[in-house]
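Each of the two complexes below includes chain A, the first together with chain B, the second together with chain C.
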Partner chain A sequence: MQNSKVHYWFIAPALLLMFILLILPVIVAATLSMTDYSLGNSSFNWVGTDNYEKLFSRRSYAKMFSASLTYVLIVVPISVALGLGSALLISSLRIGNELYKAIFFLPVMATLLAMAIVWEFALNPIMGVVNDILRSGCDKRLIYGFFTGSWYGADPLQSWYGAACADRFPIWLGDKRYALGTIAFIGIWQGFGFNMVLYLAGLTSVPRELYQAAHMDGADSAWERFKLVTWPMLGPTHVFVITISSIRSFQVFDTVEALTEGGPSKSTYVMVYAMFEKGVRQNLLGIGSAITIVFLAFVLILTLIQVYFVNRRVHY
Partner chain B sequence: MAGITLQGVTKAYGSQSVLNDINLDIADGEFLTLVGPSGCGKSTTLRIIAGLETQSTGDVFIDGSIVNETRPSKRDLAMVFQSYALYPHLTVHQNLITPLKLRDLTALERVPLFGHLMPERGKKMSIISSEVQKVAEILKIEPLLDRKPGQLSGGQRQRVALGRAMVRNPAAFLMDEPLSNLDASLRVHMRAELSELHRELKATFIYVTHDQAEALTMSDRIAVMMDGDLLQLGPPDEVYEDPTDIRVAEFIGSPKMNILPAICDEKGSINCLGQKIKVALKDKTKQSLSIGIRPEHLVLQSGAKSSFSGLLTYKENLGSDVFLHLDIGLETQKVVIRTDPQDANSAKIGDKISFGASPNKYLVFDANGKRIDARGRGNS
Partner chain C sequence: MELKASWLGEFFKHSVLIAGAIVVLLPFYLMLSYSLKSPSEIETNTGGFTGAQQIMTDSRCVKAGNAEEDCLMRPIVYNYTAAFKEAPLVRYMLNGVFVTVSIFIIQVIVALPCAYALSKLKFWGRDVVFGLVIFCLLIPVHAIALPLYIMLAKVGLTNSYAALIIPWTISVFGIFLMRQFFMTVPDDLIDAARMDGMSEFSIVWQVMLPTAIPALLAFGIFSVVAHWNDYYWPRVVITGNKDLMTPPLGLRMFKSDMDGNEYGPMMAATTVIVLPLVIIFLMAQRRFIEGITMTGMK
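On to the complex of A and B.
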């Protein structure tokens, strides 16, 4: 064994593939991020950390980070909570749970680009079904009263709904106050079914005897049993779901590309879209690569956090 | 401390009936074992008593009051599960205080941080802590209090599970095969410990097992269940020596009771494997019977007239006893004789061995497996 070099030949294909497919591109991107290279140019200049300095100083990139982080901070908690909630409800059903699973999982399987076009129609400020439905509530006293708060004496015009009824409903994708929220909503709609499936799998691994023990110990309400058994036993699932959702939300691209193209006024200028715009559309590979490296760093940090929790905290 | 009564309890899942008319009267402080093969309904019975499942018909009484509609936690029972069902994210100490916190603290006092501001909480928690301390001392698990269940051995988890049941000082303990996840020697050790604990606590124990040895060694009374029926209820000796059903006779006792086919003619004389057996039946009709004899009641006989014989196929040496397995020409049934090592010394595999038993040791069962009153006459 000591003298034979044959073991290198056994691991060589795997190492080679990993190097070519995974590590080399990262090295290339890191190298390019230090240059002003454009595709088609025969040469390039070394610019050092200029690209990174731009990234962390220019306002448009500050908007990029804030858009990406806001998107993640909206989508992750809500899609995780919805995923857990729907998984709990579905697993408590005796009949019909297969149907609900299929319905909630449908957006995950659908092509997001095609769905984005449907959403574009639905959210159209003039003809869209969303604003149609909202408008139709304005002349129904019960609905109007409930949403404006006028049933307890508040001024209807002070409320969002009352003001919109009096004036007009938002241009969801064209107004910088609403665009990112709307993109996030679509992201949640599309993503929570996946979290639900992960949580359903997690729930099946909770031993039934633990629930019975909780019953015997006096955890009478469903909430008590959830706190005592379900929530802690789902620990590994939480970590996995949160990490996966965070990485997926950082990667949001297709809805932005199809619906807002980063606008209005860069309010939806998320990182992957910025990468695409700089690196592909404007052929500024240097700055595009720099964004890629920062993006990779974010994902790496998330993964390291996950590894830490998986190793330390949540496995009993 | 309380007695528990089941009256006409049945359970069916759809058309599948799993319990048929179970009537049980468990006295205060009794150690009652429900024993039977897997799938006989013993665990279901226990869970109906616990309130984890609802019976289809019939009533459950605890301490004289009907509890059909009472929640599991309000029945004042504690249960020890086969898998122990400890909360894996909590330390042993937290596991032990959980039932007490849920019982004694109000919902407001259990709220994290905010609960600590409630005036009564401190006093209640110190009472709870002293309870837990007491139980931990009895079970000798004090050094383990800060560990999590994942860091404990099977036997230690078993004790913690017992402790979690004991802290509430419940009216009765329900145990669902608590020893079956332990290794053999620890299981024998824990049997003795459980019996001792029962004597100390003087509480009602209802114990479910498929192991007839556990049932015989620990119980005040045994309830043998099979196919959803309660076949026999009585003290261990009685169930062992005087089984009322052939299924009970076969289930209780190790090695299994020998069952031999026999025919009774109109005159009442019984013929078993070509031998006339000196047993008198009250009912002298022509019928086919089964004769049951325990392995320890069979004795080796050298060439006596009215004795059975068979070829020795296997010698099982346990040190203190030897089990001789004999082929007596029946396809399905071999006969097992329990004998002293000295007596078995000379026997070799393939030898023809003669054996018999005193007629008062014969148990006679009719074609349906029910016991028939029969008297043996004298020695063979």
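On to the complex of A and C.
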């Protein structure tokens, strides 16, 4: 049976497609990144490492790297923490855990582009409900006192909330100080439910006996049990969740393209959007390909870090 | 004392989770609510969830030369009819269904035999092929969108269904997942099938396929959700031809074509596009969550 050649027919299509659609594009990008090629041109010039030098020297690309990294550094810690926090709360509930799980997972399923448009409307500085809600708190003494710190004797105008009440609330996506944070907020809103589900799966694999053992050893408070048992036992889940979140947030595109187009003043000019703008819109395939290669390198590094930790079998 | 403390804890946990749930659900609530309300209610943020549903005049209908009394309608009717009239929503949805279903079927046709060969057939070079699959898992398809776009443009395939489907026909992740699943299928089953004189082809499609249904379902959920929601790739390869647009891309066009106070119709269109997946998700919640986490690696 094993001497038949049938396996060729089984693996050939997959191999062929893998080569044409995954490996060849990487080679094409690596090659084009050293040229000044544009679609429609009959020829191109070799420019060596010029494109990479531009990437690492020009201000607009410095902004690109900083926007991508800042986005990742905001979204990953918060969405991982929220994922873990909600998983811990939900798994300890007596009733209603299925319901919360479904609600928090809903944004993961929903079309991000569509929901981004809804958020844009909600964040509209004039008609949007977000600023409406924030404004409505300004004349409620309890809320105002709490958020401005005037309760505990601070000067309300020194606080963010007090100053905004006195003047006006931000225009979020239209203000370069807030735009990236706002995009990151949508990213967190969309992604933390995914982390929650991964953590819930991780929590079910923590053996019950360990909690009893910890109890015997005098770990009475919930916090001590968490520190002694839950946190270390979740080691492999942490590695997985953090890498996945990092790779996913590196790929942010939909919200940026639909809501800010990289602006204002390049504050949300993330890598995948830059790739799209340079390569597809402006037909500058050399520089676009160079961004592609740098992006691939980033993702590869993240994956290698993950593999390293997984192989060490992190259980502390 | 203990009991009281635990009830207090339970109350506290629910309060935190409910606060979170409100933020998570806010845009869904707004989307539905705006799709029901009249332009003036949207602008002033009044009318609660459904709005007053007072009869309004469709200004576009009047401009088109119809008598005023023929153009009176409730805001909900106005929003949803405008959504379907302004944008070829039905076409977008059909494109979405066609593209996602085609992608999934081709992925299975390519991946299943390969996974079978990698797990149940012994041949020279098998480990190399599997190593290649693992290596390709590292390449995020979004990252290589630009070279793929260049290659498709070179063969003249941009702005076609083929462009929307071809790059996704190979799912190394699908191969990996199926291979892991087939490793758990006992060899006896396959030997018995061979004894019965079945060819390797029929073993793949008549023996392995039925046993793989649970894994295929998980993979199918993952694949369909990912490609129904995908915006980046259609944005790159479809330029301007509305006949080929998928739902997210069509919605984006709607947004940029929109003038002034078309928020109601746009939210109606958004609702129509988001709702199918959400409803299916709520009906088969457990399967979805399992499917997406199981395949969460991508």
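Rule of thumb we're sticking to: the second predicted complex is superposed on the first by the 296 of 316 C-alpha atoms of A that agree within 3 Å, B and C clash if a C-alpha of one lies under 4 Å from a C-alpha of the other, contacts with A are read in each partner's own complex, and residues count from 1 in each chain.
Keep this in mind: a residue touches a chain if its C-beta (ideal position, glycine included) is under 8 Å from a C-beta of that chain, and two chains touch if they have at least 3 such contacts.
Quantities reported herein were computed from a predicted structural model and do not represent experimental measurements.
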### Query
Superposed on chain A, are chain B and chain C clashing or fitting side by side?
fit
#### Entry: Touching partner for A:90 - first (chain B), second (chain C), both, neither
second
#### Entry: Partner chain(s) touched by A:197 [first = chain B, second = chain C, both, neither]
second
### First (chain B), second (chain C), both or neither touched by A:17
second
#### Entry: Partner chain(s) touched by A:213 [first = chain B, second = chain C, both, neither]
first
### Query
First (chain B), second (chain C), both or neither: which does A:224 touch?
first
### Task
Would you mind checking which one, chain B or chain C, touches more residues on chain A?
C
### Query
Between chain B (first) and chain C (second), which, if any, makes contact with A:257: first, second, both or neither?
second
## Note on the structure
With chain A overlaid, the minimum CA to CA distance between chain B and chain C in angstrom is 9
### Contacts on chain A seen with chain B and repeated with chain C across the two complexes
none
### Summary
In their shared complex, chain C is touched by residues of chain A numbered 1-2, 4, 6-7, 9-11, 13-15, 17-18, 21-26, 28-29, 32, 39, 82, 86, 89-90, 92-94, 96, 98, 100-115, 117-119, 121-122, 127, 129, 132, 189, 193-194, 197-198, 201, 244, 247, 251, 253-254, 257-258, 272, 275-276, 279-280, 285, 288-289, 292, 295-296, 299-300, 303
#### Entry: chain A-facing residues of chain B, complex
47, 50-52, 71-73, 77-79, 81-83, 85-89, 98-99, 102-103, 148-150, 164
### Task
Spell out the part of chain A that touches chain B in their complex, as residue ranges.
207, 209-210, 212-213, 215-220, 224, 228-229, 232-233, 235, 316
### Task
Report the residues of chain C in contact with chain A in the complex, numbered from low to high.
10, 13-14, 16-17, 20-21, 23-28, 30-31, 34, 42-43, 45, 110-111, 113-114, 116-118, 121-123, 129, 132-133, 136, 138-151, 153, 166-167, 169-170, 172, 175, 194, 200-201, 204, 225, 228-229, 231-232, 235-236, 247-248, 251-252, 255, 263, 266-267, 270, 273-274, 277-278, 281-282, 285, 288-289, 292-293, 296-297
